[in-house]
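Next up: some structures, all given as structure tokens.
Two complexes come next, and they have one chain in common, chain A, joined by chain B in the first and chain C in the second.
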Partner chain A sequence: MSERAQRLLELADDELILGWRDSEWTGVAPSLEEDVAFSSIAQNEIGHARALYELAARDLETTADELAFDRDPSEYRSAPLVELRRMDWAHTIARHWLYETADEIRLESLKASEDAEVAGLAAKMDREEAYHRMHAAMWVGRLRGDERFETAVDDLWPYALGVLPEEQRGELAERIGRPVVDAVERGGHSDELRELWEEMTMVRRSVPGATW
Partner chain B sequence: MIFEVFRQERRGQAFAHAGSIVAPDMEFAEAWAREQYGRRQESEALWIVPRDAVTEVHDFPDELNKTYHRVDGYSLKAKLKEARERAGTAAS
Partner chain C sequence: MVTEAAVWDALAEIPDPEIPVISLVDLGVVRDVAVEGARVRVEFTPTFLGCPALEVMRDAMAEKVRELGGEPDVQVINDDSWSTDRISAEGREKLRESGFAPPAPRGESKPTLVQLQSAVFRCPYCGSTDTRLENIFGPTPCRSLRYCASCRQPFEQFKTI
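For the complex of A and B:
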């Protein structure tokens, strides 16, 4: 697999799995307004995943759906941060903020890429992510200093570092205001990912080969 | 706090009341209104107004039944037709 396809898959898997996890708040978010907003953000992430899979699929001579749903869970390249399940709202917002901050650093570097397709897609995604960052910043402004929230950020910090390659972690540490520590790296997956995969691919697996 | 949200569907059109948002402050109201009323590209622009800033007026007495203030019964259609006919005649 080309370096480009691999990087695209990492990014696509992050966005798909996070979109899926965030959508688990649909119907049970802290308020009706937040429910709609957070679900909409989740859908945006899945839209980004689709665009990234489509680009990767061309390189790999397959389709976006096959990449998203037909791989074994062990083949996903997602960061462990996005796989974690059943977190409280403090952890959810902590993850949202940590991920969006890391993603901003990643998108900045992709926008400067010599690969025009990748740079163009990164720029499109970034225009939507800007609103996700506003949403995250607004919640962090409200929760910062709250013990549950700060504990959640501490819990997730090693996972957040694992979203980025080593050379970008210093920048993340600066923006979040925490020191670089040993990261929870990509490649290992929790049992939680398999559960999510079972659910996510259930309909597609029920009629193999069907066209949706 | 309750915020009233007004939505403009197309550039140049009048803003119409879309609904309300319960939010702790304007920052939250803006983020939530954006998703609630803009995520499907259904709005060109939004106005977000704290409900307290809205002055409601609802008393319009008409004790003496001044129907001449209203246009009911005044057939614009017939007048227009007539005017068009006259204009048509003048032009020819």
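For the complex of A and C:
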């Protein structure tokens, strides 16, 4: 697999899995506003995943749906941060803030890429992500200094570092205000990913090869 | 023989599936039309990548081209060429008349939370700027929710992207 296809899949898998996790708040978020916000963010992330899979699918001579749903969970390139399930609100907001901050660093670098297709798509994604970052910033403004929130950030910090390649972790540490430590790296997956995958691909697996 | 002008006119009749008061051409998402013989190539960019109306819009454009007697080739372009600044002046007016506050100009800088929380957005019903942010997110990815303290009316604000 080319370096380009691999990087596209990492990003696409992150956005798909996080989009799925965000959608788990639909109907049960602490307030109606957050129900709408997390559902909308989920829709954006899954839209980004689709565009990224389409780009990768051309390189790999397959389709976006096959990449998204027909691989074994062990083949996904997602970061463990996005796989964690059913966290309390403090952890949910902590992950949201950590992921969006890491994603901003990643998108800044992709926007400067010499690969015009990747740079163009990253710039389009970034226009939408700006609103996710505002939403995260608004919540961090409310919760910063709160013990539960700070503990949640500490818990998730090694996972957040694992979203980025090593050379970008110093920048993340600076923006979050925590030191670089050993990261929870991509490649290993929890049982939580398999559970998510089984639910996510259930309909597609029920009638293989069907056109919907 | 299909002309490019005829294709543009036909596409201008297609309403946005989620905000039907505005057409795809008003929205600025049709980027290019090129006619080569019977083949009509239409390039378009979705407003938001997660737009669920993508397929509906693509099929509607292909259908319009077929009605003109052309063979449609509709290409979805996911690049940075669309921003809300591309919505036409007429499109903005149609949005406002229907109770959707049109997007603020993006200009050179990204929108910010401070900007969103400031009282510079105009209520589409009474014209007051005494409005506040209720939710960054709304019923579709392209809209936020605001409340007008002057006429006590909640309204939808098109996001600037």
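One rule holds in what follows: the second predicted complex is superposed on the first by the 212 of 212 C-alpha atoms of A that agree within 3 Å, B and C clash if a C-alpha of one lies under 4 Å from a C-alpha of the other, contacts with A are read in each partner's own complex, and residues count from 1 in each chain.
Here is the rule we use: a residue touches a chain if its C-beta (ideal position, glycine included) is under 8 Å from a C-beta of that chain, and two chains touch if they have at least 3 such contacts.
Small disclaimer: the values here were computed from a predicted structure and weren't measured.
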>> Clash or fit: chain B against chain C, after overlaying the two structures on chain A?
In response: clash
> More chain A residues touched by chain B or by chain C?
Replying inline: C
>> Looking at A:120 after the superposition, I want to know if it touches chain B, chain C, both of them or none. Which is it: first, second, both, neither?
In response: second
>> For A:41 in the superposed arrangement: first (chain B), second (chain C), both or neither?
In response: both
> Counting only touches as set out at the top, which of chain B and chain C does A:51 meet: first, second, both, neither?
Replying inline: second
>> Which partner chains sit in contact with A:142 here, chain B, chain C, both or neither? Use first/second/both/neither.
In response: first
>> Between chain B and chain C, whom does A:190 touch in the aligned arrangement: first, second, both, or neither?
In response: neither
>> Which partner chains sit in contact with A:201 here, chain B, chain C, both or neither? Use first/second/both/neither.
In response: neither
> Can A:33 be said to touch chain B (first), chain C (second), both, or neither?
Replying inline: both
>> Quick check on the superposed pair: does A:131 touch chain B, chain C, both, or neither? Answer first, second, both or neither.
In response: both
> chain A residues touched by both chain B and chain C?
Replying inline: 33, 36-37, 40-41, 43, 131, 134-135, 138
>> Going by the contact rule set out above, which residues of chain A touch chain B in the complex?
In response: 31-34, 36-37, 40-41, 43, 131, 134-135, 138, 141-142
>> With touch defined as at the start, can you tell me which chain C residues reach chain A in the complex?
In response: 45, 48-52, 78-83, 110-113, 116, 134-141, 159, 161
> Okay, in this complex, where on chain A does chain C touch?
Replying inline: 33, 36-37, 39-41, 43-48, 50-51, 54-55, 117, 120-121, 123-125, 127-128, 130-131, 134-135, 137-138
> In their shared complex, at which residues does chain B touch chain A?
Replying inline: 21-24, 27-28, 31-32, 34-36, 39
